[in-house]
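Each of the two complexes below includes chain A, the first together with chain B, the second together with chain C.
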Partner chain A sequence: MINTISVMLSALFIRKALLVGTLISLCAALLGVSLVLKRYSMIGDGLSHVGFGVLTIATSLGMTTPLYVAIPVVTIAAILLLKIGDRGKIKSDSAIALISSSALAIGVAVTSVTTGMNTDVCNFMFGSILSMSKADVIISVSVSIIVAILFVIYYRKLFAVTFDEDFAKASGLKASRYSNLIAILTALVIVIGMRMMGVMLISSIIIFPALTSMIMFKSFKKVVISSAVISIVSFWIGIYLAYVYNISTGAMIVIVNLVLFILFTIIDKILHD
Partner chain B sequence: MGKKIKKTLLLILLIVIVLGALALIQKPTASQAGNSKKSNSNVKIDLDITDNYFIAQTNDVYLNYKEYEGKTVRMEGYFYVYQDYLTGENYYAVVRNSPGCCGNDGLAGLDIKWDGEYPAVNAWIQVVGKISKYSEEDPTPVILVSSLEETPEGTGFVNQ
Partner chain C sequence: MDLIKVKNVSFSYPTKKDTLKNVTFSVKPKSFTCIVGENGSGKSTLLKCILGLNKGYTGEIIKEKRIGYLPQKSEIQSHFPASIEEVVMSGTIGNNIRSIFYKKEDKEKAKEIMETLGIYDIRKKCFADLSGGQQQRVLIARSLCATDKIIVLDEPTNGLDPSIAKQIYELLDSLKKTKGITILMVSHDIERALKYADTVIELTDGKVIFNGKPQDFHIGGESND
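Now for the complex of A and B:
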């Protein structure tokens, strides 16, 4: 195992992937707890489809770093999704389905009349953390650090808004501001996480660590910490196994998350029996 | 036994089992070294594009060309010829089959330029050469091949 790891680490693109992947896994896990508790698990899926639409349009226009366009557009979409779900006649799950399928269809249509289904498009759909330009690495690391710092700074307020938004409002907290903050941070993580996991799988690294941790731990703080650890460990094990078995990295990370979820469920069952 | 202690012990057991399983998993030595048939051993190779991460390594050359410019690379794959549909000019490459968007219809690899005689299309070859680009107007990476030889066929389909 040590020899295999040293061979892996000799490649620069692996070291870049480990750095970016670790940070993205951490941020996704931190936000995942709030999203799962607020019943917004599928928002990751919806936003990733919006991101796909934006990235394919930007790529077909010849942009070398489409993340510059994707980040603000997906952020706006995240805020819109929350507003539509809260106030409009369309409920949040329908709003997610509406926006995500429309964005995906627009992305596929634009791709089919411009570049066609090429490698870039495939990389957006299934992830390509091993193929990142220097600009992508810098943006991903910077955004991850910003997300993590904001989460830590506003931890108490995000906790209040996650558990009981009405009580938070009644006690004078500007709950909508912090709900928007969760939306913005989620959008940022989705856009940079799409590089790693792809449109199809990004929501799994948001949902799985939180659900796995909630099986074992009951306090919010313990769930958040455990979620972060599980997410990072799953990423490292996933990238290692993907190398050993020559399987897609994104898919292997999800499979490791699934196995850990099953193992934690079994442990919980043993404890309660 | 207290529930908390039991939970801790079970988690520790889980960690031990996972680490133990990972320690037992080994990549086969031949493919760990990558290309099992090494030649051109006198030339200092900066980058050996192997079976592992073939797609990732070739993509990295396209994405981060400046980090690879001038480096000596060794790679194996099928010899491939394609045409520029505007000029009709032939271009040559070393490729392997890879997943495409809607099936296993993708190709991954790098262009090559060789002064000698090219082999038959789809011949399995090993090339050694320096990474460069066609020109300032066409910055597509290309290997300026110093040695090209046909070798027994290796792993024709790669996943990552």
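Now for the complex of A and C:
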């Protein structure tokens, strides 16, 4: 095993993947806790479909770094989704389904007209962390670091707003500002995370670590820390297994997360019965 | 100086017109004011206007800057992983809104309040695992972290056993007497409100129909203002 790991680490593309993947896993887990608690789990899924639509269009227009377009568009979509959920006539889950399937349809339609189902499109669908360009790496690393720093700076306020929005507002906090912050950070993580996990699987790394941690821990701080650890460890185990058995990395990461979730559930049952 | 002054306040929701009609009253320092009335009489709406959660009312509200608030139960909180300490600490959020971390004075204040309310020894426990009465005690502690003048409570004894509800009223009464905290609460438990409050305000269909001492109160009575 140690041999395999040292062979893995000797390859530059794996080292790049490890760096980016670790940071994205961290950010996804941090945000995941708030999203799951606020019942916004499906937003990740919806946004990734929007991301797919944008990426396919950008690629078909011949852009080499489609992330430059995807980041702003998905961010706007995230804010819109939250706003609709807050006070729209359409319920937020239906709104997400509407927007995500439309974006996916547009993406698929554009693909059929232009390039067809080529490797690029497949990579968007299922992730391709091992084939990232230098620009992708730089964007992903900087965005992740910004997300993590903002999370730490606003941790206390995010807790207050997530736990009790009315109390936070009555205390003078601009609650909608923090909901928007969560939406923007989520959009950023989704877009850069799509490279690693793919459209179909990205929402799992946001939801799974938070859910798994909430089985075991009963304080917000512990849940946040545990989510971060679980997310990063799942990523490492996932990428190792994917490399050894030649399985899609994104899929493997989700499976590791699933196994941990089941394991924690069983341990919790045994401990509390 | 009154801590809260509500003058000719009217408010309509987009779907429900005239939820509040020309409401006027004031809250004196160190008083225990209960707003009573049927469901849908506009009690909670009135609190939300006072707290700035409902925008777009007409009339004037002058209020103390630091108000502690205890909202009605929210569904999210019944599964939320948060320790008692975390919940109480979050009450200090408005005191130092710009700072990144909690300040030492905030931590000390939270500790002192938790000790007063007898929840300091269980501060590491999960909020969601507590009984209804204990949860309200924690939320009262949180509201006290935000202020040392006035707390505003929205049906704090809803869904509690009568004996536990009595404890909550007694706690509020003692906060008023020993710490000089002004209490403004909404309740539909008229019997207890009359026993503990020193001022009773009755709302019906968004209008104040009584504002006075509990001993002068008759259900559905006329205002003697």
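One rule holds in what follows: the second predicted complex is superposed on the first by the 273 of 273 C-alpha atoms of A that agree within 3 Å, B and C clash if a C-alpha of one lies under 4 Å from a C-alpha of the other, contacts with A are read in each partner's own complex, and residues count from 1 in each chain.
One rule holds in what follows: contacts are C-beta pairs under 8 Å (C-beta built on N, C-alpha and C of every residue); 3 or more make two chains touch, one makes a residue touch a chain.
All figures in this text were calculated on a predicted structure; none of them were measured in a lab.
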Contacts of A:Ala168 with chain B and chain C, given as first, second, both or neither: second
First (chain B), second (chain C), both or neither touched by A:Ser248: first
Contacts of A:Leu271 with chain B and chain C, given as first, second, both or neither: first
List of chain A residues in touch with chain C within their complex: 37-39, 152-153, 155-157, 159-160, 162-164, 166-173, 213-214, 217-223
Chain B - residues contacting chain A, complex: 3, 6-7, 10-11, 14, 18, 22-23, 25-27, 32, 51-53, 55-57, 59-60, 63-64, 67, 99-102, 106, 158-160
Sites on chain C touched by chain A in the complex: 48, 51-53, 67, 69-71, 74, 76-77, 80-83, 85-87, 90-91, 93-94, 97, 100-102, 124-126, 128-129, 142-143, 146, 152
Chain B-facing residues of chain A, complex: 1, 3-4, 7, 11-14, 117-119, 121-122, 125, 128, 130-134, 216, 237, 240-244, 246-249, 263, 267, 270-271
